[in-house]
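Structures given as structure tokens follow.
In what follows, chain A forms one complex with chain B and a second complex with chain C.
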Partner chain A sequence: MGYPLTIACYIASFSPAIALFYSFIAHDPVQIILFFLGSFFWLVSILFSSLIWFGLSSILPDTFLISLAICIFVQEFSRVAYFMLGLNKITRQGQISVAPGVSDLHNARHMLALVCGLGMGVISALFYTMNAFAIFSGPGTIGLPDALETGVIDPNRAGKYLPLYYTLSAFLLTVFHVTWTIMVWDTCHKIKRSPSAFIPAAAALVSHLFVTFLSSLNSRGFHVIVFSIQFLVLLICIAYCNVIMGGTIGSFVNGISQSIIDAITLKQIRVLIDERKMRNQRHAVPDEPMTERGGVNETGGSNSSAPDTIDA
Partner chain B sequence: MPSGTTEQDGGGVSGETHTTYGTNLISNRNEPEGENQVEEAELKYGASHVIHLFVPVSMCMAMVVFTMNTITFYSQNNGRHLLYTPFVKETDSIVEKGLMSLGNALVMLFVVVMMTILLIVFYKYKFYKLIHGWLIISSFLLLFLFTTIYVQEVLKSFDISPSAVLVIFGLGNYGVLGMMCIHWKGPLRLQQFYLITMSALMALVFIKYLPEWTVWFVLFVISVWDLVAVLTPKGPLRYLVETAQERNEPIFPALIYSSGVIYPYVIVTAVENPKNGSISVASAEPTNLSSTQPTEAQPSVKRPKVKRIAQKVQVETAPSANNVNEGETSTARVERERVPIVPGQAYARHEEYQEEKGVKLGLGDFIFYSVLLGKASSYFDWNTTIACYVAILIGLCFTLVLLAVFKRALPALPISIFSGLIFYFCTRWIITPFVTRVSQSCFLY
Partner chain C sequence: MFNQPKEDGSSGYPYCGMSFRLSNMAAGNSEICFRRGKNDAKFFQMNIDSGDAPQVCGAMHSENIFAFPTPIPTSPSNETVVTSNYMMVASRMDSFGMIPEVSVGEISVLTSMISVLAAARSMGTQIEKWQKASNMSNRNIFFSFFNGESLDYIGSGTTAYQMEKNIFPQKIRPNRADRTHIHPIHVNEIDYILEVQQVGVSQGRKYYVHVDGERYVQNKTQTDRVIDRIERGFRSHGFDLEKPISGESRVPPSSWHSFAKTDPKVQSILIAPFNEDYEYKRINSMLDKHKWTSDEKEKAVQEMEAVATSILAASAEYVGLEVNDVIAKVDRTLISTLFDCMITSNFWFDCDFMKKLDGGRFHRLFNSYGYNEKSTYISMETHTAFPTVLHWLTIFALGSDKETLNVKSEKSCSHLGQFQAMYTYTWQPSPYTGNFSCLKSSIVKKVMISPAVDPSIPEEEMNIRYSTWMESVYIIESVNLYLMEDSSFESTMILFAVLSALISIFVVGRCSESTFIIDEGEPAAEGGEPL
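Entry: the complex of A and B
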């Protein structure tokens, strides 16, 4: 039971990340490096926040909640720091740039945010789940007295649904980090031009804090409510990102419904067959991945259609 | 053939040395090139190199980590140790432990230094046969003996018991094929596979036989040694590189793992070879600078993908090949894929030669990265493993960026290993408690 469970958990939790990685990142080496750099930045931020926790806890008695809040701030700040690295230079249009795969796109800077945010999301999800998943793999099953005593995870509250909750959390973390990065970077990009540009970053921070402190209710057993609210927040975040990228609510809904229809009607396979036909007809078709708005809708679509499959 | 068009393209971009990058970029850009275009194109090109190093390094690490977590033989020490680590007394005193580990690390470093010097002496006086024999013996040991031990343990831990005949048959074929691929010729992927596997085996041996704390000291000391040996004016590795360049020979990094002692080394020059850049198609035009013309007549243009990984391996296999001066060696084959050059032909100038090679990573680097990661994963904390992995890869990236800046041989170990060590200790002692505390309270962070 152990190993299949673990593998299933990994697949389910990282399927959106893998899908995004393959469709947007994997074809371009620069983006892969930026992906890893994103995860490194997250690592540094968690290092700083745990240092702060370490320092604070030696002074004050109970500093856990404060350091958690600080941790979130540090994470958001690490996004800003990553942006400061000069990444906006890459996405300037109309010039030859380092990453042709990125800067040719319609929403170049948002694509970049997606790449880096995905790096952060993946590593945070890995940090969150890997040890738990390793425990699921056995020997023994969750919920046995030994696991209770060592208390690495508290299985008492979630019972047999614990793997599901971890999977959903990992999923949420991955996608949330992407959306937060898009929001924060949008602020960073516009802050010099208009003073009202702080709204996306503020939204990111608030939603991050909200999601985190909402999840504390998990320890009291309100998993279903918590996850439904979190998924609602996620949906709002994705819609907001869509608006940031220049879409509207209508186009967002359209995109989602379209992608659901596509998923049901197996569009991938149809496209594959069509492409093969096209290739056979004429070879000189330039390979231009996702040049336009299609990219945005695709993002929203893949984000939102994945939870359906997992929930079901 | 597309070579005609690319040449035109390349000529159109700047007409100077850096032209061939234009062909590597996506072809639909016609904007006037800026000053920094070349730099950025180099970065782009370097990035693909980085990825081509990421993959084998990750595979090597994955093999080590997987083995460490499934096969208990390698994660537990039954009291036996390598000859190089004389201080193995069990104590609880931290000071004593630290001193003993330091002593072990220094002894080990001493052995490495001695081997290096021996090697350089051999190389200086052109005892090529001797070096070649040395390499063959060490790879023979790895391929037959260590692989046998490994397979035995794998079979034991998965409780499989095939017949002895089958095992001997399989192992014999595996070893012989490996020897052929590494020292003679064979498919490129197979060669890479063997090199990666051998590095992983070596790393496993280190993890098993080095005492607990000694590993960290060894990693530290070796990184420092790598730094010294490559960067100081009289450093042995630097001397090796320069001598090899003077002689117009490929540098030999494979010397490096010899008789069980490896040698941390990266070499590597010229990520950004401007002339025959990433595409061998485009290399048609610059080639005439470096080698004689008639070779162009037979441009067996291959796809660049295969080739780029080849660059790495080429390094590793290079020494044996060129030492023997056989025309049909694996090196020659690799190079023929890259550029139409007649095998065995000497390079005109060593700059061109450098440009041939792309980025290289010694096997020693593979081994020590894997040792770090394998050791990190042996404490059943996956956070540490992930943190070290990311840290090492970022260190590698950073090294390659520096390489693009300095354009000379650089040590690959120091940055990666130091960042790996920093993140190892930080994660183990600081981050993991925090993260555990957070996830105990069911917080999503």
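Entry: the complex of A and C
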């Protein structure tokens, strides 16, 4: 199918990121800068990881697992480094000049975590998918060189579902980075005051390692199981972030169930219809100033056709 | 590994696909190609330093191989009187496909060629008896392997032209009138052209013999005797021979037609596993390649053996040799070995038999990319090794070292061939032992190019009586291999993308900035804690 498939993959992979960007970032230049700075920090972390991998591969014969673990640690360290840049300071009241179009970031440390985490997630998902999606635009798919080297077709290959699995992975990666950034920054924020402050960062690190380990099982053909567990882990991470941001598990479950009910009952469409009805009703109420102008015309008689036109 | 047909004939995913760019140096029709291929048309492309002009477009050419078990009569001068009659046992040696380098031609070429080679080998082991019978009856057998037959019969057309002009197998040189010359074979000396086609794919155990009805009735008695011998040969191996012969019967596409255009008497005897329609649909195709099961191979070997026996029986009948178990005995092991070497193996010199026959000669001569393809396509530049392979096999089949046992070196062997035109002496190893010896044979490998496009005979230029196939030089560039998966899920992916976008809008639409901005207490912030 070529280009339509590639476009579909990009839309499916990045629609959550685009929706978040449009809703919370696009209107604010500072947040756009912070979003791209997050991407830059992730790129730097990958650069350091690759240098370490390059060094290790000249010493050790098989460096896959150790390189993977180091890469995850470096990524989490980059998150801490980003926080240390001083972003926490701009969330103080009056610490940043609020120019027109720039949001006041007072009390918005979780919003900043979302913005920067989204930047990291988007660039990592792009890094992960763009070569594969570029190949999907052509007549073939990935996998031939390995088959030529080994002489056998991988029986655990994803086959025709490969674009779907790449899309789901990209989606997960983007949202996971948001949650991990919220967690790590919460630890960074509270580390000096609370002995239990390390828990969110530890949760982020463990979940990052666990999710990455699960991904490595995809090559053994456990795609459905892996994605099911990863989605479960993502839900747990989101629920935990909700707790960090002041919510409770109960409110999170209620929120989700209410969202599902609203989606099933098409609440948003009903609201839109109600709003339109309200607007129409307001327009139907006679406009007093017009009546007055009509009176002026009546008395003046200079333009008798004008009220008819307005009424119509 | 990829693209393997399943038992039901379909082939499942994943496929291995390939894309490439093919640049043609010249295009148009044969006439344009011929004109652009001339040296004076390539003046501006000529290398000033070397004087070489690049190949742009030109005629298909390669080599025909002719093997004479009994020496051709010689003439003391340049006489061209009719002295002999001949039966030509013919087989084609080329095939083609959409991708020229992938034209193996297993059924188009190889099985028939093996049958003829087996017959020739059997004849070679009893050569004295055959020569004696030929000398007494003045009738001779010779083997012809025509090249370019898949491209409008270039090889047989060229041979017919040469016979018509009395320059086959060699041109008599007037300035060498003092020497003995091989008597030219004229086309009216050819009585029969016995050709075999598509051996190995018969439906059941039935073969057919095809003759031209009009010519058959002119010499019915002798032809019937020959066909009867062929039938006996098939029956001895459990095959039936059907003879759809009548005054109206016509010969399927075959090399005979080239000679029939030149001479009104030459008769065709075509042995094939089809009657009026081709049963095998992969002739001259890159798909003419099988995965042979052991049963299929066994049956194909039996067919080749039966065909070889029939050739020997027909030939013996023609030259007046009594057909018995010795004369018509075919080496079944040789057929099986050649099947493995020529058909099952990935390249001509992969098996032990062919490696020994090669004796290190092939890679010394042709260690280039083009020569390492297992292909029977002729091309414009003669870039396959097949003519050489077949030439060596023919020398093995009909060559003899009985008179050259004292020759112990390649150099002294080559000296034997000087100052005579009757025999060739080839320093060649035995495919059984690998030991080199000097083989004496009467085999000629003649360059063939269609008279219609042969620059040396301008009067025949673009004569449509002969093949006008030309080839533009092409370059295959940017070859990419890739894996192709089932695309049935791609439409679902588009639906999934739309759904994903809608759900994202819905979910994010329920959040606002206040979702993420939590006032955890102003006093704490004032006290130094950023919130």
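The definition used in the following text is that the second predicted complex is superposed on the first by the 227 of 312 C-alpha atoms of A that agree within 3 Å, B and C clash if a C-alpha of one lies under 4 Å from a C-alpha of the other, contacts with A are read in each partner's own complex, and residues count from 1 in each chain.
Basically, a contact is a pair of C-beta atoms (placed from the backbone, for glycine too) under 8 Å apart; a residue touches a chain by one contact, two chains touch by 3 or more.
Fair warning: this is a prediction, and the values are worked out from it, not measured in the lab.
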When the two structures are overlaid on chain A, which partner does A:9 contact: first (chain B), second (chain C), both, or neither?
-> second
(request) Please indicate which partner A:58 is in contact with in the superposed arrangement: first for chain B, second for chain C, both, or neither. (result) neither
**Item:** Partner chain(s) touched by A:280 [first = chain B, second = chain C, both, neither]
**Value:** neither
Legend entry - First (chain B), second (chain C), both or neither touched by A:163: second
Contacts of A:196 with chain B and chain C, given as first, second, both or neither:
neither
**Request:** Kindly classify A:172 by the partners it touches after superposition: chain B alone (first), chain C alone (second), both, or neither?
**Result:** first
* Asked: Between chain B (first) and chain C (second), which does A:43 come into contact with in this model arrangement: first, second, both, or neither?
  -> first
Shared chain A footprint, chain B vs chain C, residue numbers 151-153, 157
Per the touch rule above, chain C residues touching chain A in the complex are 1-2, 13-14, 16-17, 19, 481-494, 496-498, 500-501, 503-511, 513, 515-520, 522, 525-526, 529-531
Residue positions on chain A within touch of chain C in the complex are 1, 4-5, 7-9, 11-12, 15-16, 18-20, 23-24, 88-89, 91-93, 103, 106-111, 114, 135, 138-144, 147-148, 151-153, 157, 159-164, 167, 171, 189, 193, 245-246, 259, 262-263, 268
Contacts from chain B onto chain A in the complex sit at residues 25-29, 31, 33-34, 37, 40-41, 43-44, 47-48, 50-51, 54, 380-383, 386-387, 390-391, 393-394, 397, 423, 426-427, 430-431, 433-445
So, in the complex, the side of chain A touching chain B is made of residues 29-30, 32-33, 36-37, 39-40, 43, 46-47, 49-51, 53-54, 64, 67-68, 71-72, 75, 94-101, 104, 123-124, 126-128, 130-132, 134, 151-154, 157, 169, 172-173, 211-213, 215-216, 218-219, 230, 286, 288
